[in-house]
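My structure is below; once you've seen it, I'll send some questions.
Every chain is named by a letter (A, B, C, D and E) in the order it is written, and numbering of its residues begins at 1.
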Amino acid sequence: MTGGVEAVLFWGLGAVAVAAGIAVFRTDSMARATYALAASFVAVGAQVLFLHLDYVGVVVVLMMVMEMAVMAVYMVMFMGMNPALMPMSMVHSRRTSLGIALGAFLVLGGGALLVPWPSRRGAPALDLTASLGEAVMGSKMLVMLVVSPVLFSTIVAALVLALPRGRYDRLGDDLRRRPADDPQPGGAGR
Amino acid sequence: MTLQAVLVIAAALFAVGLYGAISQQVLVMVMMGLELMVNAVILAAAGLWWFLAPTPDGHVLLLVVVAAMTVEMAMGFAVATVLHRSRGSDMTDMSTDLKR
Amino acid sequence: MDAAVDTAMGKAPLELLPEICLLLGALATLLLGSFLPRQRQGVARLVAVVALVACAVTGALALGGPAHTVYAHTYAVDDATGAVRLVVVVATLLVLALSAGEVSGTPRESETYCLLLLSALGTVVLAGADDLLVLAVAFLLASVPLYGLIGTARTGAAAEAVLKTYLLGALTNVLLLLGVALLAALAGATTHADLAGALAGAPAAPVAVGVVAVLAGLLFKAGAVPAHAWVPDAAQGASATAAAFATTVPKIGALVAAYRLLDALPRSGPAALDWPLLVAVLAAASMTLGNLAAFGQDDPRRLLGWSTVSQVGYLLMPVAVAGRAGSALPALLLYVAGYAVSNLGAFAVTAALPGRRTLASYRGLARRRPVLAGALLVCLLGLVGTPPTAVFAGKVAAFTVAWDGGLAWLVVVAALNTVASLFYYLRWIAPVFRTEAHPAADAGSPAGADPREGAGPARGSALVAAVLALVLGVVLVPLAGLLGSPPVR
Amino acid sequence: MTGLGTGLGSGGWVLWALVAVPAVVGAALCAAGTSARGRQRWAPVTAVLVLVLECVLAALAALQRPSVSVPFLPFAPFALGVDGLAALVVPAVTVVALLAVVVAAADVDAARGRFCGLMLLFVAAVVVTATATTLPTLLFAWEVMGATSYALVGFAWWQRHRVAAGEVAFLTTRLADLGLYVAVAAALAGGGGLALSDLPAASAGWRDVVAAGVLVAGLGKAAQLPFSFWLSRAMEGPSPVSALLHSAAMVAMGGYLLLRVAPLLAATGWAATTTAWIGVSTAVLMGVVALAQRDLKQLLAASTAAQLGFVVLAAGVGSVSGGAVQLLAHAATKALLFLAAGAWLSALGTEQLPALRGVARRWPVVGVCATVGAASLAGLAPLSLWASKDEVLTAALRTSGWLYAAGLLGAVLSAGYAGKVLVLIWRRPRAGAEREFDTEETGDRHVGWLEKGPLLVLAVAAAALSVAALPPVRQALAGVLGERGAPGPEPGELAVSAVLAVLAVAAVGRWGVPEPSWARNWLGLGRLAVSGVARPTERLARALARFDDAVVHRGVASGAVLVLRAARAAAHLDRAGIGAGVERVASAVRRLGGLARRPQTGLVHHYYVHAVAVLAAGAVLLLLVR
Amino acid sequence: MLSLLVFLPLAVGVVLALARRLPDAAARWGWVVLSAVEVVLVAALWLSDPVPAPSGLQFEQRVDWMPTVGSSYHVGLDGLSWPLVAVTVVVFAACSVHALGAGRRPRQQAALFCFLQTTCLGLFAAQDLLLFFVFFDLSIVGMYFVIAGWGHGNAARSALTFFLYTFLGSLALLVGFIGLYLAAAPHTFDIVELSRSAPLRGSGSVGVLVLGAILLGLAVKTPTFPFHTWLPPAHTDAPAIGSAVLAGVLLKMGTYGFVRIAMPLLPDAWRDWAWVVLAVGVVSVLHGALVALAQTDLKRMIAYTSVNHMGYVVVAVGAAGVVTGSAEQARQVAVTGAVTQMVSHGLITAALFLLAGVLHDRAGTYDTSSFGGLARPAPRYAALFSVAAFASLGLPGFSGFIAEFQVFTGAIATAPVSAVALLGIVVTAALFLRAVQRLLTGEVRGHSHGFADVHAREFWSVAPLLVLALLIGVFPAPLLQVVQPAAAQLVDLVGR
């Protein structure tokens, strides 16, 4: 892949990502917004691949696809909306947010262009993914040690918030009631 | 493609995300805006890492960012659920009892 | 760097024993809780207490040792971490005590204890983090359980409180990650130790944006301007336990982390910006906004929320002069300890009287609940900074350090704010000690009739907090002297 | 108490006893007097006994001339010493005091314990004043004397106007005593030392201040112009009090002080001349006032001021011996006249001169003694005042002719008013005079022997003291006072003054006396003092009190809280003013609180906007302020 | 030994506070016994070492409290603080005797006054700025509860005014202390070290600013002219013993601050401020006297005379600062006079307030015009009141005269302009005589009918104070022996 083609491809993907991003907020249907977001993420994942971060790129793409699926299920379950039709434009103070967004873009973009970025320090390892593995298990082990309780606490916190009924509602105060009293009949051992 | 290009695209994405986060009323849409901003951060981090300091430690940062995104989204859905259940609607503008 | 002796390849799990105790405690409470009948979840609380005490004991033992870093310079085990461990444990124990009345017997009891321990763990790691990545992850670990805690109250107000806390938390998290990315890239390394040297040559603008972005996250956690909006809502909307915990413990970690970050920034070269001025301006904004907003409040919880915002303004004074004045760190630790105890004492009183949600309903409390009234008086006067409470010693140290660090104008603003703060605390204290509480109004107040109200462990916790606020004022100060050594890098 | 040792050796105990006995017994009597009921007959008896002891001790002290000192203040001891002048005056005072208390035993019948106690305290104070050798000791006794005189003048406290009179007397003398405070300070600054003898040694500037201070204090006590009006009000006290205080003791102490500091006055030049002129002008003006009086006691009071004028004149011209003799003679004469007036007052219940026509005929013993007193007062030939006045006049002649002329005029006036009394008491009483009796109090139409005895003693003294004019006695006296070689009055001058006196008395007998109204109310000094000083101070006080309550309180409050709009607050200055002030502070702060709470709108996206905006501003601030 | 003296009342106070079921009489007599023990302790301390060494501290004790901040629990007595400790103990003893009569909640009252006594003794013995400040603030809190708890009229409002005024003043004091702390080379709050090194000497404006803050704080507490408006309402609404302690002891904290902190620690700045202090003193004297003259309420009048008397102290310490061209001995006399005036005012005004309290106990009002001819129904009360009044207006034979005499001698010798304040003496004399006349003389009318004479407890609470004043008035040498060397040393410190 020659430099020129690579640049064109990269910019293309960038344009796709930004266009999809804008589309997310312009469409009036939640479903289309979700698909636009997925497209934007895939584009970003691809761009990351361009930057030789294969592992991270693939992870981003896969994760985003799964998340979009969850979001779709979520909207149907809760919003009770037919993903296709629901016209909604619940927007407020459009002008101020547009102003702030443009301002942010100008500042960050301008900064990106004008700042005398230093030159690269040190060469990338031959096998990036392997070096990542060593870093995770080596110098940055504590980061991973801390990420695990983060995920654990996310699970606990999310369930505490989301679940309307706890174990005592299902199995009684002394947790002895069998079969469990669930709103939906059926399930194992019934 | 140069660092500036990557950063400009990232800035654009960030701006769009910010616009969405501020202008949208529905919590889920606000979360989408936040996700776009995280995406911009991932892209910027990748660019910066590649063009400035491709060290393995920097690489771990990207993993952390991705992990942070997933955790925030998970919590976002949980908050949306509890908001929906206890207040009947997940519009941020509808829940303004706590003020002044 | 000389003090930093890095043990074998950094992986010495024993160094992090206190943190491990907290994690195991969290896991144990959750597992145990899921097998205990609803009425006997007190055992989970017992386990939580044991875990906390274990953490305190191991932390105290480690306190004496030489300051060093572990896990390849990413985690500092020095006086600051030791002190934070102790303060967080004491604070969490007080929260457990004041939560007894409200939480025991509810279906979510053991989950609440688990989340409390996890957030405490997050706070300690945040304080000890000596690396930007660990900082980011610790930030997550501290805030996620907080969302869970605030949301458990199952009321409309709690839901709204968690919404606001979550959204502000998410935004600041994104900014934090952006900042970390920028700084890591520019410095080529992520540990604080390398930051100073590597950033010296970096261009100023990105470093400024990076640092401000990281500070945004820490300021959210501390509850300071500009990300302070969630504090009053969380204090008012959430349950007493969550409110007390959210407004007291996480900010300890955030402030120490901010101190370490500012201490590690370069002080020469193009990237040497005037950080103290920025933090001083934010401190002044926080204390003034917090004080003024607290004037018109009628709900004691919301008043305490705004008072927390103003207190964080005073707490930011030693942080502003991080590294520029000799004993800034001991001053910060001393003030944080005093603040935590006084604030929790006041929340304990509100927890002991859940029915009374207006200042007027506190009329004549001194006559019927002298212990509670006394504890409230000590804690509120403590928050103002009257001698001999611990906050007074903290404030004197903070004022002196700020004056030494060249922020004389900030000291004057802080003094004026201290005086202003006296008025709204008096608005709460005055009805408590007003004698002519004629019975009619008393019976009218919702909680008047409930005899049990005001008794129980919450009262005990309020009393303990008040006594600690006084005792610390006299005893702790020499102890702070021990923590004189600068943060290790 | 180490200092005590030095005095004890050479008869110091006499001086200590002289002071301590009346003080202690007086205090005890006062304390007992307040709580005990009944006639308290024991009080006058103890008082008389103590005073007899006092007279003996005084005589002993006069002979031995002891001096004692005890550490009192770091820079000045409490020192007493009997010098020539004191040796003369102290015995005189104790004798007059004894006689006054004897009369009081009969005259005063209510709360005798308190009365005798106060009299003893007064005597102790006078003795200390007379014998004080350092300024602080003098000031100590000076003020106590003032206070006891207030208590004695206002003794009948159930009559409010008498207490008011006491108050006027006390305040006027206290105002004048400020001079002594300044004098002490100046002496300390001047570095000369605080003993009376080495006051002239102070540095020039400060010495003038000392002289001025002492002069003002002396004039105040001696009831000279412009302070003499208090003496008129002091007449409302019981007669024995007037007899002791306003003839022999308190008023005399004013003149006595000026005599003792005569060297200082002389050293400062201007002080001597001013003293002299004030003395002689008081003699003249007060003589006119005395002439115009229709009340016997007022007349005697004015005459006291006039006679003291001569003492002050003597101090001014430096003739200490002349002044001393004048002092003694006047003490005896005036005490006699006051006691006589007292006797008539308690008998007839009136002091008005028209009502006292021919009173001498009714009680011949009192009449004769009063005649001797009045004659001596008039300066008639063989009696004491004639001799002492001439000595003073000769000394005045030496300094300036005008002084002598004014002095002579004063003498003539004194002859005039004394003659007025003489003539009146011997006239035949008009029919129906009975109606004019009992104007001041209900008389018992009886004069007991307790009152007549002292009169006789005083009459003898008044007559005998003229012996001082004889050259040999005068020389000895001058020797005692340490004034060698002062020429005595020539026979010619003595003759001139005697003739003038006789002529004046005859003229008064024949043509009577003009009584101008401006003179009768003491030159309007009293009203001037009240309207000129007392009223404006009270008005100023009330204005300051209002200012204090309203403006200062709010001024400080607004100073504390910058936000307060004082203009609107000053509009309604009523009682609620203070309440409104606090209310305004609270509302101002509430508005500020409202302002601070406005960004907390409850809408999350507003929080986003605020957060991003502030962070951006922070970054910009960082980059700009480098 | 000194710490025992300071903290014994606190211990007893805590016991009294906790012993809920203690009968009233036991609480009252317990308090009396305690104050008696305190008096004995002071006497014992005094006899063990009567003449203090001029420069050293007696009974010095020092324990580290806040080493990082350079502050320690450092207590000691010298010529300046000895008399004030003695006065504090005597005034509290008198109050305890006076409170033997019927009173609301005697147990809590006794406990509160014991706490107050500890704060006062602690302050006078403190040799450390922070310790001084802590006791300064605690005394304000204590007095707030005395007025709010046992006062009459609108006690709550005047208690609040009192608290806010003096608390804001104490904040200014704290800023000044911190300024001093930072200026000291090895940062320290210790008064002895600070006075030895006089940190801000020759530093011009900073020293002046720091002293300005300290003066503001002390001026509010003394109180001097512009900041005195809290005193009259605080006194009129305080209970009798509350007023006695407030006037007798608490006002001395302000003036003691001048001689203990302001003058020795900031000599240069003090010399610059001397004329201002002198002027404020003179204005306070005249303003206090004149406004007192216009009062009809007896307690407000006595309160304003306190402003007047404290004005004399301010004049004296101001004059002590005028160093150019004035004799050193005169300045020593002025300072000695200032300390004597603190002692004398403490004794005499406490007695006056207790007597005013007697009026309120009987008739429920302080208005002088509603009484008259009290001498007939209550001769002993009349005697006590007139003795106290004459002592207060400076009649020789009482400590008032000794104090005022030295103040004026020293002040006029150093700064002749202060002679203007002499008029204050005459106005004070006038207002006291007027009060005596309105209350005691004339025919019996208004509330005087059936006015019971002074009880034993009231007599034995006032009489000792007046006897002490008389003793000092007649034999001032023992007291002056203690004060004079310390004053001389202070004047040297200010003059260097």
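Going forward, a residue touches a chain if its C-beta (ideal position, glycine included) is under 8 Å from a C-beta of that chain, and two chains touch if they have at least 3 such contacts.
Just so it is clear, the structure is predicted and the values come from calculations on it, not from any experiment.
Chemist: Both subunit C and subunit E are touched by which chains?
Modeler: D
Chemist: What chain pair has the highest count of contacting C-beta pairs?
Modeler: Most contacting pair of chains: A-B.
Chemist: What is the chain whose Cα centroid lies farthest from the Cα centroid of subunit A?
Modeler: D
Chemist: Let me check something: if the centre of a chain is the mean of its CA atoms, which chain is farthest from subunit B?
Modeler: D
Chemist: So which chain ends up closest to the centre of the protein, judged by Cα positions averaged per chain?
Modeler: The chain sitting closest to the overall C-alpha centre is E.
Chemist: Quick one: subunit B and subunit D, Cα centre-to-centre, how many Å?
Modeler: Taking the average C-alpha coordinate of subunit B and of subunit D, the gap between them is 97 Å.
Chemist: How many angstrom lie between the centres of subunit B and subunit E, each centre taken as the mean Cα position?
Modeler: Each chain's C-alpha centroid was found; their separation is 67 Å.
Chemist: Whole-Å distance, subunit A centre to subunit E centre, using C-alpha means?
Modeler: From the centre of subunit A to the centre of subunit E is 73 Å.
Chemist: I'd like the Å distance between the centres of subunit A and subunit D, where a centre is the mean of that chain's Cα atoms.
Modeler: 104
Chemist: Multi-chain contacts only, two chains or more: what residues does subunit E have there?
Modeler: Touching at least two other chains: 168.
Chemist: Two-or-more-chain contact residues of subunit B, please, as numbers and ranges.
Modeler: 14, 18, 21-23, 30, 49, 52-53, 55, 57, 60, 64, 67, 71, 75, 78-79, 82, 85, 92-93, 95-98, 100, in rising order.
Chemist: Name the residues of subunit D that each touch 2 or more other chains.
Modeler: In subunit D, the residues touching two or more other chains are 597, 600, 602-605, 608-609, 612-613.
Chemist: Please list each pair of chains that are touching.
Modeler: By the stated definition, chains touch in these pairs: A-B, A-C, A-D, B-C, B-D, C-D, C-E, D-E.
Chemist: In the complex, go through subunit B and note every residue touching subunit C.
Modeler: Of all residues in subunit B, those touching subunit C are 14, 21, 27, 30-31, 34, 37-38, 41, 44-45, 48-49, 52-53, 55, 57-58, 60-61, 64-65, 67-68, 71-72, 75-76, 78-79, 82-83, 85-87, 92, 95-98, 100.
Chemist: Which subunit D residues qualify as touching subunit B in the complex?
Modeler: 597, 600-605, 608-609, 612
Chemist: Any idea which subunit E residues touch subunit C in the complex?
Modeler: Contacts found on subunit E: 64-69, 130, 133-134, 137-138, 141, 148, 156, 164, 167-168, 171, 174-175, 178, 181-182, 187.
Chemist: Hey, which residues of subunit A end up touching subunit C in the complex?
Modeler: Result: residues 111, 114-118, 121-122, 138-143, 145-147, 149-150, 152-154, 156-158, 160-161, 166-169, 173-175 of subunit A touch subunit C.
Chemist: With touch defined as at the start, can you tell me which subunit A residues reach subunit D in the complex?
Modeler: Per the stated touch rule, the residues are 92-93, 96-97, 100, 103-104, 107.
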